[in-house]
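Below you'll find a set of structures to go through.
Two complexes come next, and they have one chain in common, chain A, joined by chain B in the first and chain C in the second.
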Partner chain A sequence: MRHLIITRFIHLKKQWFSFFLWLVLPFIATIIIIQITSYIQQDTKVPIGLVLEEETNQAMNLYQSIEESPLLRVEKLNKTDALRNLKKHEIDSVFIIRDGYENAIKSGQRNQLIQGYHSNLSFAYNPVKEMIASLVQQETGRSKAAYFIMDLSKEHSSNLSWTWDEIVETSKMVQQEENLLHSTFTYASNSIERETSTFNVWGIWALLSILSTMLLFDWIIKERSKNIKIRFPFMKISFQNYLLGNLLIYTVILFLMDGISLIIIYQLFNGINLPSIGTLFSFRMMLILGAFLLALCFKNIFNYYSFSFAFTLFLAISSGALFPVKGITNRFTWLEFVNPLNSFLSGNATILWSFILIIISGIWYGREVFRNA
Partner chain B sequence: MLKVKEISKSFGKNNVLNQLSFSTQPGEIIGLVGENGAGKSTLLKILATIEKQDQGCITFDGVPYEGNIKDIRKKIGFVPQDIAIWENFSVEENMVFFEKLGWKNKNKSALRALCLDMKLDKWKEKASTLSGGMKRKLNLAITLIHEPTLLLLDEPTVGIDLKSKKEIGYYLKQLANQEKKTIIYTSHDMDEIIHLCNRVLCIGNDPFYEDILKKSNKQLVTFN
Partner chain C sequence: MFTMTFLKLTFLFIKSNLKKLQRKWISLPLLLLFPILIITMIAVIFIMLFTPSETNPIKVGIVNYDESQETKMVIELLESTSQFGEIIQVSAMDENKAKKYIDDNMLSAYIIFKKNFTNDLYTGNSVEIPIVGNPKEPIKSLLVEELFNSIARHIAASQANILTINYYASELGMDENERQTLLFEQFKEFLFYTLGKDQILKEEELENIATTSPIQYYGLAGWFIITTAWLLLFYIFFHQEDKFKIKQRMKLYGVTELQQIIAKIVVSFVITFILISITFVGLILILDSEFMLSDYIKVLAIMTLYSILFLTGLALIEVIIPSQKLSLLIQSIMTIFLLLLSGAFVPTIYFPITVQEISNYLFSNQAFYWLTEILIHERFYIDYIPLLFMTIAGLFVLIGISRWKERTNS
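Showing the complex of A and B:
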């Protein structure tokens, strides 16, 4: 094996740039694409100015809730600056959380808590206003509920002496834990349907990995030259073992690269769901064996490259990355079943394809051994 | 000693080799001649174990080919007609590559000495930039890394300049005389065959070759 690694190193030395480029392409390009789309998304957010006349807990909570909205870019300003920016149309609208907001919430008042300003060019004033109103509504509702609980506690002379703040905090905690607004209910026999959007980190990474693995395996076509092959009967390693040995070297390199990619992507996109080791392993095995067997079918390297790009594009389309294909996949359910991306993106091991490819590889190896016997 | 006994080979209805027998001695250079399609390359491939004969048997140093292919192949050096080198590698990288996958471990200085013996001195140069003669020398040098005792060469000097041809011929004679290697050689260049070989095997019983070879003092064996 040591000798085989040395011979592979001689080959890689000659094409280190393209080798390195295709090796790092999946995770570098994934990071770049995600960063660019995030930047574009950031740029398309509605800019609003928020003025806090008081900085009480309630006011700060509302500010945080507004800021967390994925569609808004919130600028915390003083009233003068905010109105000046609005006049210059640098922001879409201005909202002022007025002095006495917390007291008003606690006393159950809902009128004139927020003051809004807009210009003749404001296009999102009304939806933003509605959103803020709903958040205020939520807070006043919570406050009312707190007072109601406290009254009940007094009425029934309970030993529990909860304060308003404790009840509100507990309510928020329960809301976060239960995530009532986002929960879905399914029956035990039904699986949760997931949207396999490829415009997520792992979707992009998987697509680019397919392309890069196929392009990395062009060595098979280059090294299967008839001229060189004739030397192998007189060497200590047969040609099919030479190919398999190199396949193993590539497998190790690609697995290492996957590990590094996983760590880097995890660090960059904090909190992202990582695919399980089993899912990643079966996906990588499927890619390696698929690219290996496919390259064995080609003699012309240009045809192989063309096929690789076309195949990746087909997978991108059929997985719904470029345009919605729900109509097609609903009609032809097998399309979803055979698409190797679907299993990976839904967090399952690509057992079917890996199993088929292992069998084909075994048949290829057996045939070569028989042919060279 | 190579012994070939009544071997036959046909491709469909085309009978290429028919009951062919001969034997060789260590240190002997045998020329293989005949017109295109006569079966020279087929015979060479059968002797190199790349093809299998339909009938007959072959032994080398008393070991039959049948059932001992792996051991026999260790003793064979086959120089294919097409140059079998990595064009994008240097001479050094080519030699190291095939040494690593070959039967005999040799250090770089031994590999370099092998190249220098046949006046291949462009050690660091890329194979694609070498002349045709130099490439042919590299093609031969790679075959000799594992020190084969039976050397089979399929038109090893085709399309190269006279100087390189002479240098390769001289080197092969040295290998036969000093290292007692058996060399079987195909070529269409009759001057080269007459100059280099101890004995000539003519496949196809062509009077053209017989006439040329009768004028030299070479022993001629013809096969139908």
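Showing the complex of A and C:
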């Protein structure tokens, strides 16, 4: 074993940079990807066009409060331009504050004050519509309250009377000052931060681990070449034991690296739930055996690399690590069973695949022994 | 004389690449089908995701500690009406049950009306509505939160009005009991008023752009992505590994790396070009859009420039990075990056402004923009100049760097 370790390190000395790079790739790339996507998500805004058919105080107030929304990028346009831009899909949808808006609000009406235009490419129309409606609703609600109070004072034939403007002002003040109602959001089990919760950090990490493990195992193809293999009959150690010994060395190195990267990821995204040692180890076991057996199938190293990339891409899309695939797995439950990433992503030990791969490795070992005997 | 041998050798490598294709034709269908398989998978996943299934609605629980007339009414209303359409199902339950359901993954989130909720509302105390999400379903949980935030906005506005009414009513000297009934009346009044919020907006769909359907947009986008993937795969397919000794020997015959790279670019381009000129006809037939021959030529011209630029980019990475693994990784990252920013996955108008500005300079974005302009917006005039300049510049950079590399190596 000591000799094996020494030879392995002599091998690695020549390419330590590449080795180190692929070793740290999974967690460094995970961190970078999450940072970039969260930045983009924060800055993503829906572009809408706003047309003001009248520029009264009420209309301008509404325009301002729509513009203040952090989710929208508002462009003030005239109707022809707005509709043309919508047709060209340069904006998501168009909202028109119609002529007579202020009068309608002041007289307590609220029907069809706003006109919304959308095309069949308006992906964000519904939430934007709801938002603008709620802003208008605030105004009309105040007006409604004002009329009710004015009626009330008449009914009581009191000598106290207030104007519409006064009452609306009071209502606005009440709402602003008291910060009346708010909702708080928490997750049931533990304190996952909501920013990181939408990204599947472990999904990305798992996919990159698959790619890096496969690419790190190219030594098997390199060292299986004929002019090396031919010397093994004259050595103390048989070829299959040599491979297995090296596999053990890689297992130790990779597992240590996993531990370190998990701790770093845990520190960076606080509150994220950490997979247990058993979960991690069984997942790593599957990766190592899988990469080992796959590499044994290839003779050409470049084909192996290409296959690794294609395979990772395939898993990235189908495993549910990046996109939710519940809609499909609900219909075909066996897919969940076959999916090698499923157990790791749901926090369980990867038993099925590790077991299958151990058996195949055992068969391979037995055959090699038989062949050499 | 020098250019003669250069062309001759380049032609030789082109021929050898074609022979390789002939020899390995069996892997060809795999090569062509892989991108189509990937795109179909993405399409199926997203169609499943955005067609909310009635068998699997978002389930939301409501825990009521308040037990006042008002909250009971609200909950009854939420349970019975399809206020949120078919997608969301609301049901009342106690907190232990809600917690258990979340553990069993039978609930996406639950909200709590705390004790004295209504009383606090009427007296103007600050009220908090806790929303507890299911960590196993983060997207649905956040959706529920978003929804209740907008409901909370409505309630807050109504509450301010009720408080105002309360204030003025006491000014008018109404007694406590009378005011209480008045407030409850008003609470109901505003609740139903809020539910009628849809009257505010008059909706219209622009129908005269019948041509712009998501199917057309994403049909074109899918074709564009598949084409890009073919370019990448063919370029990788023609990868030729030579042992150091053979490389040295070839050098003596005047063979340079550049000739081999150009041969790869030419062959990959020609094959992909044939494929896209056939598949594009199929695309038009499927999308059933009006299309003229001149448009067809325009599309092919843009795709030619795009393909050459993309292949040049791949070649540049191969020349600069000696490690095969690393250069494959960078090539894949470049492909993903170019496709994401081209607008083929998400239309560029939804990007942040800074990202939009960067993506405007990318050739993939330019190419896809002009494709949509021709096919969807039926534009007549097309500006080829930026793409053309980028292609020429790209080729010169490739030649320069490859020459320089060759010299420093020897």
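Rule of thumb we're sticking to: the second predicted complex is superposed on the first by the 204 of 373 C-alpha atoms of A that agree within 3 Å, B and C clash if a C-alpha of one lies under 4 Å from a C-alpha of the other, contacts with A are read in each partner's own complex, and residues count from 1 in each chain.
Simple rule for what comes next: a contact is a pair of C-beta atoms (placed from the backbone, for glycine too) under 8 Å apart; a residue touches a chain by one contact, two chains touch by 3 or more.
No experiment lies behind these values; they were computed from the predicted model shown.
Enquirer: Mind working out whether A:D43 is in touch with chain B, chain C, both or neither, as first, second, both or neither?
Expert: Second partner only, chain C.
Enquirer: Of the partners chain B and chain C, which touch A:G100 in the superposed model: first, second, both, neither?
Expert: The answer is neither, since A:G100 touches no partner chain.
Enquirer: Which partner does A:I317 contact after superposing on A: first (chain B), second (chain C), both, neither?
Expert: Once the two structures are laid over each other on A, A:I317 reaches chain C alone.
Enquirer: Quick check on the superposed pair: does A:F309 touch chain B, chain C, both, or neither? Answer first, second, both or neither.
Expert: second
Enquirer: Mind telling me which of the two, chain B or chain C, contacts the most residues of chain A?
Expert: C
Enquirer: Contacts for A:F148 in the overlay, against chain B (first) and chain C (second): which applies, first, second, both or neither?
Expert: It touches chain C, and chain B stays clear.
Enquirer: Return the residues of chain A at which the contacts from chain B and from chain C coincide.
Expert: Shared contact residues on chain A: none.
Enquirer: Please output the residues of chain A touching chain B within their complex, sorted ascending.
Expert: Those residues of chain A that touch chain B are 3-4, 6-7, 10, 14, 226-228, 230-237, 242.
Enquirer: Please output the residues of chain B touching chain A within their complex, sorted ascending.
Expert: Residue positions touching the partner: 48-50, 73-74, 76-78, 80, 82-86, 88-89, 93, 96-98, 100-103, 142-143, 146, 148.
Enquirer: If we count contacts the way the header does, which residues on chain C are in touch with chain A in the complex?
Expert: Of all residues in chain C, those touching chain A are 34, 38, 41-42, 44-46, 48-49, 51, 53, 56, 99, 102-103, 111, 121, 124, 126-135, 138-139, 141-142, 145-146, 148-150, 152-165, 167-169, 171-174, 186, 190, 193-194, 197-206, 208-209, 212-214, 217, 236, 239, 241, 323-326, 328-329, 332, 347, 349-355, 377.
Enquirer: Please output the residues of chain A touching chain C within their complex, sorted ascending.
Expert: Going by the criterion above, the answer is residues 18, 21-22, 40, 43-47, 73, 83, 86-92, 110-121, 123-124, 127, 129-134, 136-138, 140-142, 144-145, 148-149, 152-153, 156, 158, 160, 162, 167, 170-172, 174-175, 178-190, 192, 194, 197-198, 215, 218, 273, 301-302, 305-306, 309-310, 313-314, 317-318, 323-328, 330.
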